[in-house]
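The following block contains the structure, expressed as structure tokens.
To keep things simple, chains are lettered A, B and C as they appear, and every chain counts its residues starting from 1.
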Amino acid sequence: MTEKRKDFGTQCLRGAGQVFFMENALTGALFIVAIAYASYAGGNWSTTIGAVVGLIVATLTARLLDCDEDSITSGLFGFNGILVGVALPTFISVSPQLWFYVVIGAAMSTVVTAALGAMITKSWGIPGSTGPFVLTGWLLVAGAYTFGALDVSGDHPELASDYIKGVTMIPSHVELVQIFFRNIGQVYLLGNEISGAIILLGILIASRVAGLAAICGSLIAMATAIMLRAEPHSVVQGLYGFSAVLTAMAVGVIFLKPSPRVVVYALLATIVTVFLQGAYDVLTEPLGLPSFTAPYVLTMYLFIAPKKLLAPHPHSAVGEHLVTDTNN
Amino acid sequence: MTEKRKDFGTQCLRGAGQVFFMENALTGALFIVAIAYASYAGGNWSTTIGAVVGLIVATLTARLLDCDEDSITSGLFGFNGILVGVALPTFISVSPQLWFYVVIGAAMSTVVTAALGAMITKSWGIPGSTGPFVLTGWLLVAGAYTFGALDVSGDHPELASDYIKGVTMIPSHVELVQIFFRNIGQVYLLGNEISGAIILLGILIASRVAGLAAICGSLIAMATAIMLRAEPHSVVQGLYGFSAVLTAMAVGVIFLKPSPRVVVYALLATIVTVFLQGAYDVLTEPLGLPSFTAPYVLTMYLFIAPKKLLAPHPHSAVGEHLVTDTNN
Amino acid sequence: MTEKRKDFGTQCLRGAGQVFFMENALTGALFIVAIAYASYAGGNWSTTIGAVVGLIVATLTARLLDCDEDSITSGLFGFNGILVGVALPTFISVSPQLWFYVVIGAAMSTVVTAALGAMITKSWGIPGSTGPFVLTGWLLVAGAYTFGALDVSGDHPELASDYIKGVTMIPSHVELVQIFFRNIGQVYLLGNEISGAIILLGILIASRVAGLAAICGSLIAMATAIMLRAEPHSVVQGLYGFSAVLTAMAVGVIFLKPSPRVVVYALLATIVTVFLQGAYDVLTEPLGLPSFTAPYVLTMYLFIAPKKLLAPHPHSAVGEHLVTDTNN
């Protein structure tokens, strides 16, 4: 928090890194490489362009609004913008109006970040985290259904009763490895195991303990989803694990001081996140919306709110995105 | 805030005016004329009767509960009640039970107003504004579906995938003028351009700068909705503009101190409100509910929460429904 | 609040009693008898087993997390767990994974209780009450739809337009008596009039004024539902009354100091709760979810938030679950 003002490029790259709580420009650069790799593999560059535009617009908006200097420097106003920038082109076909939508959406994500900071962080010490992305993403994808210039390319809405359940769900060895890495890649909406591996590398460069938490989160989510026989296609795509990865990192390492009791607490939170992934799918599908990282956001808010119970030294142990930049 | 206690009639008329943030009894009287004109034109007087009943019951409830004296005198406990009183007969057919519903709903709107005041206003300086109307209106219209004595006369619920999008949306000159005024009239649920013109006159009588913000809000909303090719019928009815009009007034003039930066901020907020109008239509239609002013309420809450960023002199610049009564 | 630490069994039994705000172990024991009687009558013991498991796990979790000692002793960490434990086996068929779900769900209810305590109770003096049960129950039932190992046995989701309304709803004398007691039993999800009578006896043992409020709540709800011609089958099952019973107790006796004005306020709140029961049915049915006690929770939060208006002596009159234990 006593950092000097960094140049705009560093602020943006750290913003990319903060999606996984890493205030590290190199990590952020690797994350953008992971997005670009998925664009290359899928032949669709709009998500990478959206990521860069969203990141720049969100960070710039924070500067224009004179948001907290230290937070901007730490990249805390960029990570929701980059996620909005990846998400909108993932679900909406390219058109001139899409880019207008991305720019306004990224600027909106900064306002929502500032709003949550003034509300839940100030009053209750709960970090907003990717909540602004979830809210902005939901509202803008929902809105797109009503606008003729914006074509939502995702699946049709379905009711809870339409769900296909996994009667037998025993993934092969190859699939288990794919699930493990996609659980990480899907945080950036990337169903690509190579991208997931690049992202994990980026986390490990910045913090080994955070990387360990991500690994544990992915494994716990995989085991829980298979035990409960979640819908196999979603599990293989990594959709039952990405929120759990974030919960394991956030509750186990980032926002609470690690201890044996915190490890058990984080384990409980990670399992709950898998349950909530199922719940959000049921709750948002009828509206034609993806769940985004909402299962993580709600779990984390609920498990961090009573943090005094688990933080004997709250002043040093609890804060927003604590992991320090090893890149200085 | 240093006003003397006014008589009950003035409190009620100011309550009508406060729907557009105007603490002005003459303005409020003109708004009721606008509602009555729409009733006359449409041949349905239940909305005007509901307006008067809702306004009186809500204001009276605030007095019986010993709510804040200054707020009652300013009309801040009446404007949600009048909206509940207009909305319920708009969506529910007339029956003896409807009037019971209106009376209880108006009293409930006062309790919700007091609750939001004790929560979001006290903790975060966010005015409740028409949030109590939106919450009460949604719950009571939803409830009416289950009660045999209350017949919801609106459209059938539809899913997001049922939306008719505007492939070509080029309104004629006459339509553009209609849209402009209906964008204002629909704040009171009036799809009538004459009523919209009377309301705009009422605003201009109380505050020219607020009237200018309303005009800009209507124009920006119209341009944005047409550019995104929103559903033409809704646009022509003014349904894409009424929340944006309130946002332009609230963010640009009422709750923040006007400045060049606040103008840009209000422009962003107004465009976001149009996006959210689309979103709320998608989110509330499957439940058989209108969006009411929810797009305005959410946008305003999010853009006012971090108000310190834009208010160098918060004590004088930020407050609830600041515009002073020019009618004293 | 100056109580000595009680043994674990007493903490659990009081937790059962706190569902109806009674810090009384004998009352709690009677409530468990009421659950067991319904299991016996219906031939399904999974709800009773779930109740005991949920109660124990939730209370134990609170002890492991070092939650507030006095609150644990008063049973305030057990009542959401017992409700989760009854609700999940009511809506999900028995399987090994169900019991995993119940254990994690009960532990989660304790975390949510602590979270709401740190948020709405600390900031606004609003007790969390059964909010944690509603949130946990909704999320876990919703999630179960996506898991092959968890079979949701309830009705299929339906839209608001599918509602069967009660064209003529004139219950017989026998039905009126059944409704009266089922309105009380359904708080514990028991559509059994004998269980309802046992519960009412348990309340009266601990507090006669609280029992009187429960009786009035049940009668007011019955009259309101019949007047509005609510869906007859739901009314006869007690589904339009159980939230109203809790509202009448909470607003009329438990969280506000009784006075003539509070009685009128509680009457308004009780009628509003019946409206909201209809609303929640419409809002949660399309998602395939029961409303649980959500109509009570929202009404109570809204009516207690501005409690200063009705509590001239807030220090002695307002608190969480005030009724003292007559069982010491």
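Everything that follows uses one rule, which is that contacts are C-beta pairs under 8 Å (C-beta built on N, C-alpha and C of every residue); 3 or more make two chains touch, one makes a residue touch a chain.
For each chain, UniProt lists the protein as follows: A, B, C = Urea transporter.
Since this is a predicted model, take the numbers as computed values, not measurements.
The best fit of Cα atoms from chain A (Urea transporter) onto chain B (Urea transporter) calls for a rotation angle of 120°, in steps of 5. Of all residue numbers used at the contact between chain A (Urea transporter) and chain C (Urea transporter), under half are used by both chains, marking a mostly different-residue interface.
As a whole-number value, the distance joining the C-alpha centres of chain A (Urea transporter) and chain C (Urea transporter) reads 35 Å. Residue positions 123, 286 of chain C (Urea transporter) are each in touch with at least two other chains. Considering their complex, residues 123-124, 159-161, 163, 165-167, 169, 227-231, 261, 265, 268, 271-272, 275-283, 286, 301-303, 305-306, 308-310 of chain B (Urea transporter) touch chain A (Urea transporter). Residues of chain B (Urea transporter) touching chain C (Urea transporter) in their complex: 64-67, 97, 100-101, 104-105, 107-108, 111-112, 114-119, 122-123, 138-140, 142-150, 156-157, 286-288.
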